[in-house]
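The data blocks that follow each hold one structure.
Consider the two complexes below, in which chain A is the common component and chain B and chain C are the respective partners.
This part shows the complex of A and B:
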């Protein structure tokens, strides 16, 4: 009785808005889970017998390989730039983030071209008289390398922020106790940084499982390529959904493991201090060695693919640049801009509606709305398609029965469904920086405004919004860049009359016109590089504050 | 007698903790009074204030403000509709608004808005600071802006949550007196949450002492200070020196069995007239700023601490007055 009374007392319009919003965002994922009970398609047996083991082994192998490479590159480079003075320190610090600006499928194209028969490497070797050296990179080892060098910055960024701002005082304490640099690193720094590093690694693994373009081009069968194959080649949505569901379970298991390891070891946060770590002075020779170590991921993850793409772009510019190309670029920007705007708006709603509602359990459960970033784009695409098709069917029969008007699909095959799927996928990308900034505003500021007689909405307009401007901008940029890069989801859901640079690059590459793929790829990279530099500055400033 | 605030059976448990943070509290505040809520940290003072303000929802109980029920099992008035003002510990000034924008924030678009802002700023002694931003002000000035902002809409009740904890001692005493004058002149009913009992004694008309979410004593400051009903309450108002039964026998005092006795550390009489005396020996005499902190041994070898104005050495006459002795059952 008491609970019912309290429920009626505490429920308000924001509670209802929260439920509607969470449902709107959650329906596609829920759909996938519900569809599992309907059973798979006809070729499911074939898949189990012939390819499921391949998918599983390849995916596991990819996960392990990428873990090793990204942790190795990410942690070593983060440690070197935060602990030592090396040549071009400042430049390297942000260049280590730049591989994120290149989508991994584009890095994959670039490397394929570089090592290919008659490719750039062969030409270069020929020029210095070496003939007959061949590398084949289009296999699973190549794929692990590609994903590793293009995704290690996630680990680098999280490791660096722990090294710089959390362990400074502890390292000093360890040194005062007479413990050497190496032992301090393994006994103090690494254990403290572990939750942060694993947090970064989680993002890497999400991207690895999300990848379609690179795996497909390198001929490696993974769950994601399997979903595409069942959907497009076998035309069996039920089977694709079944594969999606299995992949989802894997994803949630990985998230669970990450939560568990963080939950038991969250001491790192308690030690956060304002002290910045002082640098170790080393000999010139050693400094140069450290410099070279940091250069390896920068060159392999950014400079080499960039060089390859620029080279190809110069060769193919006259073929590729046309009115149609500008149209695609324009459409890409337009879709990304609109999506980023709507995603930031929805992220604000999903942040504030639960806060304004007074039901505690609803506040907590509303967080499932930001799970989308963990879910591979292909799955979200399928999850969005099913309920929207159902909606269209309802509309068609509604109009037919009531008005005797025959209408076609209303939202399917339009940009609405595409943007809806983007929003689900990238909501967390916008939500996280906004939430972080909002928590810095301080609860008392908002409460003061309420107590001075201002409603939640007016408080938002007058207090939160002006103080959140920077965070909103960075959230917008992050989503914009992610949409520009997105491939698997776009491939499935894009309308026929709209194209994006990412899809164009993929189409060129699939049509064996890999050199032509360079120019659209470069456009994507350019739109990604500038914001990343800006964001690096924002993050550094934020940490210093 | 008119009561502005009435609280009946208020209880609150947070999901994370099993025990109640606020445990069946009944409370009344007279119009125009300053009520201080004291207690050690975790005793529920701030939660009580936040429940009254509407920043938390209670599990049980009723809150009545000026004869209107603002919270009960079926009603919850949002904070913006309660007409309660609050000054936060961190002042919570809007960093992107000027002083006058901060103060005018709670005023609706009335013709006399500017006059009201000017009058309130004048009242807190910040005339001419209108266009400054909070970060350009000192801690004490920020505190005054926070007070002005809370007073501007003329709230029915003003809550001050640890308002002096971020200020240094000199400034605190000055500001404390100023705030007392302002509250009394504007005739605002105030609820003042503090862990510092000196602040409470200085400005409150009535004090309630909280422990584990319940009220364990209430009354006028002097009464609570002089006649604490437990050692918990007594120790909130200053350091206590517990006296054992045999210690008291040495003084010539006949204690009752099953009662516990204590003196405030400053209430010992050294070489002066007292109701009960004995000869004690100084073991240690430390300089402690305003006076001296002494450790002395009694004839029965018990060790006691006391503060004195001047330095003492060797054997001395130690005593206390009957009405300084604190008795707890």
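This part shows the complex of A and C:
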């Protein structure tokens, strides 16, 4: 009774909006979770006996290998560009983010082509008289390397912003106390940066677990290839969903372990230092060595695959370029733009509605926003399709019963369902940077505004929004680039006569026309590169303010 | 006011609350007045697009295309049920067409034109699907290391003389699944399992890449023979990359099982969707694809064997010679498909 009273007293319109929003985002995810209780398909035992161990070991090995590579490349390059002066510093700073513009399955194709029989490497070696040297890259080690070099920027970006803007005072203090550079790094800088690095690493791991194209081409059976196999080859969606549920549990376990291990230690000294960190002076020779170290991930994650793709594009341009191709590029761009806009908008709502509502149990509901990123795209597609079809069927019978009008599917097979699914999948991508920026605003400003009698909405427009602008733009760019690259979900939900560059590249590749896939891939990369350079500027300026 | 919110929330939480699917975006509304046909297709070749455009020009019927993997298209059709807007489903692999029929996604059609154009063993006995093109799954061998006399049957590939010499792609690929399905049908499941296990033992490397990559691996010396589709050899020989052409020229083609049941063939084909809104147009469309004009395009541009006997294969295909094809009822491939996948898992064929 007492609880009910509390409930009545504290409920407000934001509680209603929150519930509506949570349902909107949650229904596809809940649909998938409900499927789990229906049990797996009949081949489940067969899977446990024959392939589950293989899937598990490979996935664990991938996670482990990619963690090592991304942390190694990400942290070392972040440290070097933020602490030392090296040649081409400014250019390298943003080039280190560019691997994110290439979908990892495309990087995988490019590498396979580079090291292939008659591939670029062989041709180059032949030109200088070396014959018979061959590297086999299409195996699990190659896959780890490729996923590592294409995903390390997640770690780099988060580590760099901590190095640059949060550790300056501590490093100064440590130096004044006579502690050496190396010890300062391991004892002070790294522990402070850990939450940031782990945050980036989590994004890496989710991408690794979501990868299908690269693993399949390199012949490595992982959980995700297993999901596709049980779904399509064995015709058992239930088994596929069961497998992805296990995958989800693993992802949450990883997040849980990190939280638990970090414990109550709160390293998040979120306040930006107002002092600029002075760079370390080193000899010319060392500077050059550091330069080379930073070049390794840039070359292997971006320049080399780019070079391969450009080469292929030149060979095949005449077969690929057409008016239809420009139309596809334009459509891709439009869909990604619209989706990014809506996703950022929804991320804002899911961040603020629960805050403005006064029911305690609804406050944490914004956490739901991050779930979608952990679920493979193909599974999200099913989660979206089941309830939206139900909705369409209701509408059809509603119109039939009340107006005797026969209508077709209203939202299925249209761009609405596609964008809805994108939003579920990428909400976390938009939500995380906005939430991080919001938490830095601090309560005092907002409480003062409330005390002055401003409503939540006006406070948001006058105070939060101007302060969040940079984060909103970053979120927009991240979602935009992700949508441009998205494949499995798009394949299933894309409407008639709309095509995306990623789908086009995939079509070529699945028809074994990998070279022809290069040009659409290049377009995806180019549309990603400019926003990413912009994003880099935003991060730098935003933190300098 | 508070009370109202309370009631509203209660309704939302406990009541039926699924009316919030739309997210306020206006999708493009399909114009329904025009004559049109919706095609779900797994094939996405430039030649196909050219044919679709020609059909549009000749009949004035607009062709709307959804391209995706066949398995995904079929899942989509199942989920969409009676509301499915698809008129025609086009896929590669007979197994999939059978699967589509078994799931009730297709319907029987009566068309004298199709009955003339397509031989009876290349269409469904209930006329639910029709083959449009054929491909053969053959053995490619290194010309310098293997003589065709050493080759005979698929079964022979399991012999120990091929230890560490065989290249083949992963079992996730439908062509391998259909091949094993045909071996299950011909030799029985137990023998097929032993065969698959021995092939795994004879592989020169773990399965990776696509059919083209297997051929390139032969030329690179990673193995001596590969199980590949004729169609991809054609693609390789006409590649825009000179190195790939060289790889295509480095191998010979052998049609196995000529002394007994014939070489395993597969098809790409089409069927009219169960709930096709434009059934008449759909039939017209498939008839067009089986006609001489379209079959010639398939044969020339795509290195596939035409199914219409009035059309000759391309010169390249003719240069590989005539062959005897396995006359196994194609629906058997579909019925054995799942068994094949399970066997692959059991013997560790990745």
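To be clear about the criterion, the second predicted complex is superposed on the first by the 459 of 545 C-alpha atoms of A that agree within 3 Å, B and C clash if a C-alpha of one lies under 4 Å from a C-alpha of the other, contacts with A are read in each partner's own complex, and residues count from 1 in each chain.
Heads up, the rule we're going with is that contacts are C-beta pairs under 8 Å (C-beta built on N, C-alpha and C of every residue); 3 or more make two chains touch, one makes a residue touch a chain.
Keep in mind that this is a model prediction, so the values were computed, not measured.
Contact with both chain B and chain C is seen for A:8 once the two complexes are overlaid on the shared chain. Of the two partner chains placed by superposition, A:305 touches none, neither chain B nor chain C. By the touch criterion defined above, A:199 reaches neither chain B nor chain C. Touch counts on chain A: comparing chain C and chain B, the chain ahead is C. Looking at the shared chain after the overlay, A:358 reaches chain B, while chain C stays out of its contact range. When the two complexes are overlaid on their common chain A, residue A:99 makes contact with neither chain B nor chain C.
By the touch criterion defined above, A:393 reaches chain C but does not reach chain B. Shared contact residues on chain A (touching chain B in one structure, chain C in the other): 8-9.
Here chain A touches chain C in the complex through residues 7-9, 11-13, 15-16, 19-20, 23-24, 27, 43, 46-47, 50-51, 112, 116-119, 123, 134, 136, 138-139, 216-219, 221, 225, 228-229, 231-235, 237, 315-316, 319, 324, 338, 342, 346, 382, 385-393, 396, 408-409, 411-416, 419-420, 423, 491-492, 494-497, 499, 503, 507, 510-513, 515, going by the rule given at the top. Per the touch definition, chain B reaches chain A in the complex via residues 15, 53-55, 57, 59, 73-76, 78-86, 88-90, 92, 94-96, 105-106, 108, 149-150, 153.
Those residues of chain A whose C-beta lies close enough to touch chain B in the complex are 2, 5-6, 8-10, 358, 360, 442, 444-445, 447-455, 462-463, 466-467. Of all residues in chain C, those touching chain A in their complex are 2-3, 5-6, 8-9, 12-13, 17-23, 25, 27-28, 30, 38, 44-46, 49, 64-69, 71-72, 75-76, 79-81, 83, 85, 99, 170, 172, 174, 177, 205-213, 216-217, 219-220, 232, 235, 239-241, 243-244, 246-247, 277, 337-338, 341-342, 345-346, 348, 350.
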